[in-house]
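Per-chain numbering from 1; labels A, B, C and D assigned in written order.
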Amino acid sequence: MSTPPLGLEQLSALDEHLTEQERLIRASVRRFVRSEYLPQAAELFETERFPLELVPELARLGVLGASIPGYECAGMNSVEYGLVLQELEYGDSALRSFVSVQGSLAMYAIYAHGSEEQRARFLPAMARGEVIGCFGLTEPDSGSDPGSMRTYARRSGSDWVLNGTKMWITNAPIAQVAVVWAKVADDDASGAAPDRGASTIRGFLVERGTRGFETPRTRGKMSLRASETGELVLDECRIPAANLLPSKPGLGAPLACLNQARFGIAWGALGAAKACYESAVDYVRERRQFDGPLARKQLVQERLVTMASGIVQGEIMALHYARAKDRHGRLRPEQVSLCKRTNVAVALDAARQSRALLGANGILLDYPPVRHLLNLESVFTYEGTHEIHTLVLGKALTGESAF
Amino acid sequence: MSTPPLGLEQLSALDEHLTEQERLIRASVRRFVRSEYLPQAAELFETERFPLELVPELARLGVLGASIPGYECAGMNSVEYGLVLQELEYGDSALRSFVSVQGSLAMYAIYAHGSEEQRARFLPAMARGEVIGCFGLTEPDSGSDPGSMRTYARRSGSDWVLNGTKMWITNAPIAQVAVVWAKVADDDASGAAPDRGASTIRGFLVERGTRGFETPRTRGKMSLRASETGELVLDECRIPAANLLPSKPGLGAPLACLNQARFGIAWGALGAAKACYESAVDYVRERRQFDGPLARKQLVQERLVTMASGIVQGEIMALHYARAKDRHGRLRPEQVSLCKRTNVAVALDAARQSRALLGANGILLDYPPVRHLLNLESVFTYEGTHEIHTLVLGKALTGESAF
Amino acid sequence: MSTPPLGLEQLSALDEHLTEQERLIRASVRRFVRSEYLPQAAELFETERFPLELVPELARLGVLGASIPGYECAGMNSVEYGLVLQELEYGDSALRSFVSVQGSLAMYAIYAHGSEEQRARFLPAMARGEVIGCFGLTEPDSGSDPGSMRTYARRSGSDWVLNGTKMWITNAPIAQVAVVWAKVADDDASGAAPDRGASTIRGFLVERGTRGFETPRTRGKMSLRASETGELVLDECRIPAANLLPSKPGLGAPLACLNQARFGIAWGALGAAKACYESAVDYVRERRQFDGPLARKQLVQERLVTMASGIVQGEIMALHYARAKDRHGRLRPEQVSLCKRTNVAVALDAARQSRALLGANGILLDYPPVRHLLNLESVFTYEGTHEIHTLVLGKALTGESAF
Amino acid sequence: MSTPPLGLEQLSALDEHLTEQERLIRASVRRFVRSEYLPQAAELFETERFPLELVPELARLGVLGASIPGYECAGMNSVEYGLVLQELEYGDSALRSFVSVQGSLAMYAIYAHGSEEQRARFLPAMARGEVIGCFGLTEPDSGSDPGSMRTYARRSGSDWVLNGTKMWITNAPIAQVAVVWAKVADDDASGAAPDRGASTIRGFLVERGTRGFETPRTRGKMSLRASETGELVLDECRIPAANLLPSKPGLGAPLACLNQARFGIAWGALGAAKACYESAVDYVRERRQFDGPLARKQLVQERLVTMASGIVQGEIMALHYARAKDRHGRLRPEQVSLCKRTNVAVALDAARQSRALLGANGILLDYPPVRHLLNLESVFTYEGTHEIHTLVLGKALTGESAF
């Protein structure tokens, strides 16, 4: 009476659109995550620990700075990179976040906005996992509106002196180098904190050990507990001129980095969703109630169908835009917003539905849903909240700004 | 302050995946719908009239039986056909339904399940629009469960005699030929109405003018009012043996036709959704309230973003599966269920949101949303209700039947 | 195996909170609606006709101006009046709208803002149904934001001369008297159309037959088709001073009338919801599919439970606030917004779910859901759209205006 | 420009329906929760500790077995008790759960189903908090379907011998007495585990220290972390005849206890919802973005309005049914299902929306939402999952069982 369940990959018919190499890369990361990360995922979450010991293997798999060409990086295309991130987040959003921050934010910032000397000095070591990076844009009072940041830099001789606090910085406590964005007075010389109008934004590489630079850990998180999250506290922190990123001043540079990372999140979040979905299918097929498996109940099936529809649609969309990205070299920000907003919402909902389908067992870390449910609350909020992406899209679609 | 709005086709980046010919076919149908159908769409709906006078032009455009190869049919691929249906339903679901029933149900049934003589006799004339067909499966007490049908056929010499009533049959009052599905006793000889177990299902071509065959029109519909919908009443209706479809007995044959038609609906419904979306964007950009355009309000933008996301995702999905269909010659029924269920729900929701965004004007036939809103209620229900597709998918995904 | 279904009134346990008289009034209106209105409800909707012939019986039942004390009005309390409106809208929103406009808008405006002479002249005749009234506030370009109205009045001798157009006015084509709100220049003398800042708003009684006053009917409505809806066109329309309402100038007067009417809508809409719910329960208990009644399917039950929960909660809430209204003589506008917004959304959703549960039959006017579904689109939009009430509540709850 | 926000109690107008004593009881519990529990709520959650040191004060406040008359219990009416539970869950669902299990499950079971000796022996000590109780019905493989339990008792002389495992038992690790439900063979004599058909269900009082009785703690919970949750492991556990509850055999007795507790949850969950709502209102009024407070954004207000509407409706409903319960001495199970199902769903949604409104700060235990969000996942599932109550209501409303 019961038949083998149809898997998501059979429903989505996605694999036939992937190259042999794309499938191989996915398989190798999948193997790693399932054998190395998943067995300890619950414990890492519970004990709030990122497994630094896995970084060399991540490097060996080529996932650090994977989309960067050259500098010992893997130079993956967007689909390969997306599949990698999906497999990583099947493990845990913290694992994927580590890789996103290292590659799409810190390394990409240096690659896209740094000098050749900066690239050569940092990128190969970061690709090998010997140097960990972080990316400091968000501040305690400046989340969705980075233009209101208060961190500022002033010239002092040929050096720069930074003051300010960055918050919610993934990898901060374990990073050797932080890409820090700060305001700079237009004439570069005034020592006063600039106001919003009279200044522009520049990027700086701040290295661990610099006097006046601390990275305190954030306590009491109920999400991304396997991430090392902290602040970047800059108190008269003096940086040599060589550590200024030579990119065009303004918000464009950091936002371009975020755009890179966001698209990866659209892939990654579906990995978490799949872990939740598979966990739920297994559970309801096993669990019997009222003389039959839960899987035979219409209300249960409706939840699973909703999840599966969202995941399959999300994957098809992610693949579609990834191919477009590789073809054109870029995506519109609105396309990235569409993907991030939709797929993370799908994933968060899948985690919640899956948690509920597991009944009382759904509150235990022994099963993946509650962990993903909590992680995805962060993913929903970071890299542009759901609402911010609504307004980005709304502005484009109507031609009117409603921020 | 306000900029030109981003169109859905820019957001979806779909066109770059289309061939020149696919775009040309779409353009020609689009031109026809906007110049010939839309100017009278409200009136046709209000007066419950299908514009038979447009059938020759539909034939000339190659949209009747468009996916069938040979027999004077256009032999379009799945994407071309999908784009055609989308443009037609941008006009009205009744227009698209006419074409779906003619081509994907009536003609496809004859093509896939008929004899060479039947094909040669009917298909070219139907492609030219000279013969209109309909498809009789549903009965008054047998909607989602066609196996419970009561129409039956018994042998009488070399003829067949049919009794029963089919209902909700699009094109019935205007069709020259009806494909009618009926139960036949296993030994083909008993004259009694067969029960469910002891019989199988066969298809018959019933021609207008046959004695005992009536097609009364259904009155009081508030949906698909521009469709000619009626019953097929068979009262000792005698059919020559040559009008029996020689296909394998059973439900497989009619369900295969429905599977064809359903995939077309997944494309078509998005056409209705786009008409609603565009109507809403135009309205809120124009309409001013509290000293600004409605388009500048967050609540308005959120609705539009939800609509646009659903439409764009739906199109990307439809294209993905259409390419798979052409590659493999078929789709899994669950893939068709996923597309029909998702895209029709998106369209229905878009029509409702759009109706609301137009405020009081939204209840007028002068604007498209309320018409589409009503039409889509039928589309939601026919060709497998939303819930039936939920259970089709649920059965596949869990391996357990919950019907 | 199947047992008699539990009715909503058993689930809600509401009746034990009603007085004998409240129940009697409800029963008499219920009898009237079911015997006089329902048998012709579908036809009235289809033919766009309001049954003026029923007005005398409505008057006899005491439902015209029912909440007004004196002037031959019934002087009902808020619960009695609410129950009346619920029963009327069980019939059709157009029937309830007629009564709301006559009583809560036109008569209430004269009662609360008129002179003693105006009251004595109009109210008894209106309570007897001999004079029908309407209420002109909304304009073509001024819906949710009445302060932007363009209709204006200027003094001319002791008379007033009105110019402007009101739109979406229920009862307009059949009313003998219209309460019209217009802008008046602060010095009452300038003949120029006043701008928004330099003017205030006054009410006028405009009687049918006055030169320059026309009430063209609105065509092509797909909602409230049994309502007589039209425009009020004022073209140099001269009104005697006696027809100026002597109330305090400003938007306060018309908004107070709307507040009255809105609370009645919160009751009424649940009547439509109940008609839809009962229709669906009857249908799914009767209709068999896959060897059992539809009522035995979990997906069906979930829809019914959602409907029933919303209706029962809505009734309990409406009763709670009606008692508070009678105790204090008023409600906060936010409380009215809460009731209108919530209960109309419940009703609209119930109509949609119910339409879908009836399958193909749900698109026929033979069954109530599609009629209510369409009517409730207007109810959702009029008397403050859903979104406007969101913002009214949001402003109160946060202390910040987001209009 | 900004005004003081309207509080939920002003919107709900509930207090005028409360007696002086009801308000006083609420005030005293509120004081306790805010001064004694809330300051340590985050830490108790993080460290998975129930504050046993607060039990004497809970006893002094009269909240243990509060609804029981006599036996040193407070004999509160249903409204008083409901308000108490709401205030407790404003603190934490674990605090309310402790009180629900002690009073509505363990004490109520002894009160309603125990002998006079059992009552006298246990109830006063439990009311004083000197004896803590728990309630053992759920088993690892028997959640929503208690009739499938496997724990069984056999007679052995005048004693009973119990074998089996209960799971998800709140208070298990700290209870001195457990009310345990077990199957008993119909002839009371066979030593074999009875099958479902041939047995009935009886209640037993199992005291800590009895040989063969263990209460291991459940590890790795991410919800109700301040609850002491565990198993009851019965391995040839011998109970004297005096500890058999003399109630009528069958599931009726334990289900009656659950019905009591469930109604309390409908009140309690709104306490958690209010804590989340207030936290969100405070946050968005404070937090500035794009040059204004978040509270001024339409999307933010819509979320708050949804929360507030749900909470206010839930409270009005809870009060309505509590009064009915006191008047009639009981509620229908369907009425309890309606209240539990609706209010817990409102609360869970409020916690999620509130978490999101707090942005990144929402993932910190420093703010209440994420803690409530997690707790409410259990509350959604226990005492009848959301779906079980859907089916309880569905069965009543349609007369057909769909379990």
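We take it that a residue touches a chain if its C-beta (ideal position, glycine included) is under 8 Å from a C-beta of that chain, and two chains touch if they have at least 3 such contacts.
Predicted, not measured: the structure shown is a model, and the values here were computed from it.
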Chain located farthest away, centre of subunit D as origin (C-alpha): B
B-D against A-B, pair bridged by the larger set of C-beta contacts: A-B
Length of the line joining the C-alpha centres of subunit B and subunit C, rounded to whole Å: 38
Distance from subunit D to subunit B - Cα centre to Cα centre, in angstrom: 51
For subunit A paired with subunit B, centre-to-centre distance based on mean C-alpha positions, whole Å: 42
Residues of subunit D engaged with two or more neighbouring chains: 297-300, 302, 390-391, 402
Complex contacts: residues of subunit A adjacent to subunit B: 1-6, 10-11, 13, 16-17, 281, 284-285, 292-293, 295-298, 300-302, 304-305, 308-309, 312-313, 316-317, 320-321, 324, 327, 332, 334-335, 338, 341-342, 390-391, 393-402
In the complex with subunit C, residue positions of subunit A that touch it: 297-299, 302
Contacting residues of subunit B [partner subunit C, same complex]: 42, 46, 138, 141, 143-145, 148, 167-168, 218, 220-224, 287-290, 297-300, 352, 355-356, 359-360, 362-366, 370-371, 374, 377-378, 380-382, 385-387, 390-391, 402-403
